[in-house]
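Consider the two complexes below, in which subunit A is the common component and subunit B and subunit C are the respective partners.
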Partner chain A sequence: MENLKMLSEAIINGDAKKARELTQQALNHRVDPQQIVKEYLIPAMDEVGRRFECNEYFVPELLIAARAMKGSLELINPILASRGDKPAGRVIIGTVKGDLHDIGKNLVASMLEGAGFEVIDLGVDVAPEVFVSSVKEREPNFVALSALLTTTMPSMKQTIDALQESGLREKVKILVGGAPVSQRYADEIGADGYSDSASGAVGIARRLIL
Partner chain B sequence: MANRHTITLKPLNISIEVTHGTSLQDVLFPHGVEFPCGGRQRCTGCRVKVLDGPFPVTPEQEALLSKKELDNGWRLACSGIVTGDIEIELAQWEASVLTDNSSFAFKPKEGFGVAVDIGTTTIVGQLLNLSNGNVLAVKTALNNQAQYGADIMERINYAISTDAKVDLGIILRSQIETLLIEMVDAAGIPRDDIRTVLLVGNTVMQHFFCGFDIIPLSRVPFEPEAESYRTAKRTPAELGWKFNDSTSVVFLPSLGGFVGSDILAGIFATEIYKRNKYSCMIDLGTNGEIVIGNKERMLCASTAAGPAFEGARISMGMRASTGAISAVQQTNGMYTCSVIGGGEPRGICGSGLVDAVSVGLRQRRILSSGRFSDTAKNWKLVSPVILTQSDIRELQLAKGAIAAGITILLKRMNSSIENIANVYMAGAFGNYINRDSARDIGLLPFPTRRISPRGNTALLGAKRALFLDDIEELQHIQHRTEHISLNSHPEFMDIFAQKMTFPEF
Partner chain C sequence: MRFKLISCEVFYREMCYTISQSPNQVDLEFLPKGLHDIKASLMLERIQDRIDATDESLYDAILFGYGLCNNGIEGLTARKIPLVIPRAHDCITIFLGNKERYLSYFNNNPGVYFKTSGWIERGTPGKEFDQLSIQRKTGLELSYAELVKKYGEDNAKYLYEELEKYKDRYNTFTFIEMGIEPDDRFEKQTREDAEKAGWGFEKVRGDISLIQRLIDGQWNDDEFLVVKPGYRVIANFKDNVIEAEPCKSAEQKDNK
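Here is the complex of A and B:
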């Protein structure tokens, strides 16, 4: 369907208005919402991720593309939920205690949503106890932790330790990221996955859920 | 195995004898090698070329340096442990530090005084005869703390980490003492005649110097110690300095968040606080600070913007020193590069980077999104200096943060660009940056004729403060200045992202 190819284009170009219009049109024409997500939204966000990886896109383009995709998902998600369709997986994401930076975290959240995951965003400055209680309540597949400051990185470890102490550690996979975080640090604190980019995080989540 | 080894630094032929197992970081820092990430093999700021001798490659170096660089002997100095005689090429790394030469009106006083501006990267002090205002000695130095981290967050992180081997407060206080003694000796006056030592610096430097608890500055809401808002007075005995107690040591109060007394002194020097019309002061140091206001009210904010402007995180970035491309000029669709010292270029400094991007935008090599217009991965500026796509991205982050800060302060002030009568550029970078280029890339969105470089306003303000009858006068400025935390502003992310793009040409 030609209109839907244009939906992918609209998202890649960050045209939120058009993306919403085309999504609504498709839904009106009884296109399966799952098909819209799988065949048009996910490939569009994959393309956005690829362009970011090779430095063709930067934060502003990524943000507007994510916003366009969110607009589409707002129309689609209620239908999927009412049908009882299962998402690719559930992720609880947040910037750790002491840190207010949310651009990176929001990008990862958007990319995961675009990849068909259900994302529960706890926001910024999230205390370990809050992660623990959310994991208890929502039973996610993943907990994704973000930190931008070298001084707040230790909060990542504290969060993982808190999950361990509550006996929840084995129930989830933990993903970490943020400018000062490295693979070595991720290994040191016992995280399951690390990525230095938002699109990389999606790849790791897809791999770990298998 | 020999217990002692010789390190030879080429081309100066300096030989240093050290014991087996000595870390190269300790040896090379005094010779000007910088360690932006604090020596944790996370950046390439300390790369040196090993001409001869043992220096194994670690996985971290393999990740950060190309195969070709490694084959040619490039290594990260921070990972080096001396296990044999070694010869290292060390291009001289002489950084220029901005002092202040301006004249000002003052009321004469008895005795001598010293004003010191403690920057994250550089420290500068001047010794003055308070009876005639003459500067008798000037001393500049790289902040000795720099080997434990390039920016303030790295320093805090080092200080609060459990494996910190040194106390950064002690390092700073003893470096200032050394600087004072050198100035007193150069001026040829007795130590006891120093009446006041007046210090300014950002909040982190103040906390280290005064011995305040640094932990609150490590996390949200980054609220300094309550004492930070008062003028701190110390006796030489308290500081462990070999000066008589007739010398009083004063650290001026901070304004809030990371905005310290260097900015307070800058407001004092530029006299923003005396005018009806709005002024803006921007200090583009390792940390970027912005003040907007008039005699009624002033707002200030800080942003982590500086590294790119100081050449950090730029693939061939360096400080404004010998061999740095410091300016790029457009000429008939071509361009020319100016190199500090006039010799072969070996890197690019902040002012050169801003110029190059401005030329790139005008020549459509760079699009307003920041992308190179062709498929080339980098721009060969002039051999061997190249700009990569990531270098442009780093500049976009830095300039986006400053421009977003200006926008948010103006909004909070219910004012706009047109209402700002004067824009003062503080600090070394403000002195060298081309104002037209800064406007072209959207860093300083003001008409260029309103922008004027003011040099080291922190030092000038501190010097003028030496002549005040009552130092508390400065607290009136402080009371009228409100600190705004940019990160917690609800619109920050949107404005920041929006300001990352370049203006259209």
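Here is the complex of A and C:
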């Protein structure tokens, strides 16, 4: 399918309009939506992640590629949902209490979505009890916590502690990230995964869900 | 006692004032405020470089006008004389005089942007830091016109909204008055900035006594970390912010 290769290209280049058009065309031609996701969207976002890791792409390129991908997914997801197809996993993501920064969190959310995960974004300044109630309600595989400031990093620990106290800790894998966060900190607060980049977070989520 | 002080220029007036009042003799070296915009490892490199360039035989200790500053001092290593560092997340603790006061203010006002004389008059970014800054390097600092040129009108509009929207969550300029300002020019400037941005304005009283204790050599363990020769600074993620570990154990960890 020549057109579908162009779909991958459109996503890599952040051409949202074209990505949407090509997706609609493919669906009209009865291409299996799962095939579109697995063979074209996910590999396109993997390529975007690779370019980001190699400093060929920067934050803007990542954001517009994610936007193009989301446009495609908006057409595809309702079909997948109506057939009862399951996503790769479900992630609840948010910037922890006291922290108002979300660019990094949004990038991770987009990369996870691009990798086929269902992402529920709770936004910024999310209190531990909000994470707890969302986990209860939505039963995700992952909880992803973001912080940009060393002053708000303790909120990550408080969130993990709150999940522990509610008896939910063993039901989810916890991912942490953000500029001042390190593997050492992740280990210390008992997180399951840490990455220093948005595309790295995808690799960790894929590994932990097995 | 004779000390060397290596400080961020954001404390320019506070350090000069305090040193003039101190019984100790203090040689002062300021480093650019732009260091806080670059990668932590590069910030560390610049500061360590100033330690290593110091003739340590002249001094009893090297003092620092820095907090943890986004891990920019993590790894700072004492060579032949101790390093003395305030236990602070960043400069705001040092301006407010203690870390508990900063955290309680911050927790109640997450959307605050702080201003002091140093934040206003220091650190017009030099070319060097413009290029090295994380904002620049990750492509977060492009103007709308630059975004249009690179990504087209439609994507530029989207990017501009995405990259700027965090600013909407800030809503207050808080001016920290240290009591050493010549007049109300810095306060006035902050009020004007707040008005222009449509933000609230608040004034709080700073507390220079933490800086005074640093300079005077009154280093209680609750407020200051004294890093002995052969040790280096690490963030400890606890209430006292930083601690020292022997360099040997650090090397073992690095080799793992």
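Keep this in mind: the second predicted complex is superposed on the first by the 210 of 210 C-alpha atoms of A that agree within 3 Å, B and C clash if a C-alpha of one lies under 4 Å from a C-alpha of the other, contacts with A are read in each partner's own complex, and residues count from 1 in each chain.
Rule of thumb we're sticking to: a residue touches a chain if its C-beta (ideal position, glycine included) is under 8 Å from a C-beta of that chain, and two chains touch if they have at least 3 such contacts.
Just so you know, these numbers come straight off a predicted model, no measurement behind them.
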| item | value |
| --- | --- |
| Partner chain in contact with A:S133 - subunit B first, subunit C second, else both or neither | neither |
| Touched partner set for A:A179, first subunit B, second subunit C, both or neither | second |
| Which of subunit B and subunit C A:E56 touches, first, second, both or neither | first |
| Touched partner set for A:K17, first subunit B, second subunit C, both or neither | second |
| Touched partner set for A:D102, first subunit B, second subunit C, both or neither | both |
| Touching partner for A:E188 - first (subunit B), second (subunit C), both, neither | second |
| Contacts of A:Q164 with subunit B and subunit C, given as first, second, both or neither | neither |
| Between subunit B and subunit C, more extensive residue contact with subunit A | C |
| Residues on subunit A lying within both footprints (that of subunit B and that of subunit C) | 58-61, 63, 98-103, 106, 125, 149-151, 180, 182 |
| Contacting residues of subunit B [partner subunit A, same complex] | 42, 153-154, 156-157, 160, 218-220, 369-371, 389-390, 393, 396-397, 487-488, 493, 496-498, 500-501 |
| Sites on subunit A touched by subunit B in the complex | 55-61, 63, 97-103, 106, 125, 149-152, 180, 182 |
| Residues of subunit A defined as touching subunit C within the complex | 14, 16-17, 58-61, 63-64, 67, 98-103, 106, 124-125, 149-151, 153-154, 157, 179-180, 182, 185, 188-189 |
| Subunit C residues touching subunit A - in the complex, by the definition given at the top | 40, 68, 70-71, 89-90, 102-103, 106-107, 110-111, 134, 137-140, 142, 147, 150-151, 154-155, 158-159, 162-163, 165-166, 169-170, 235, 237, 241 |
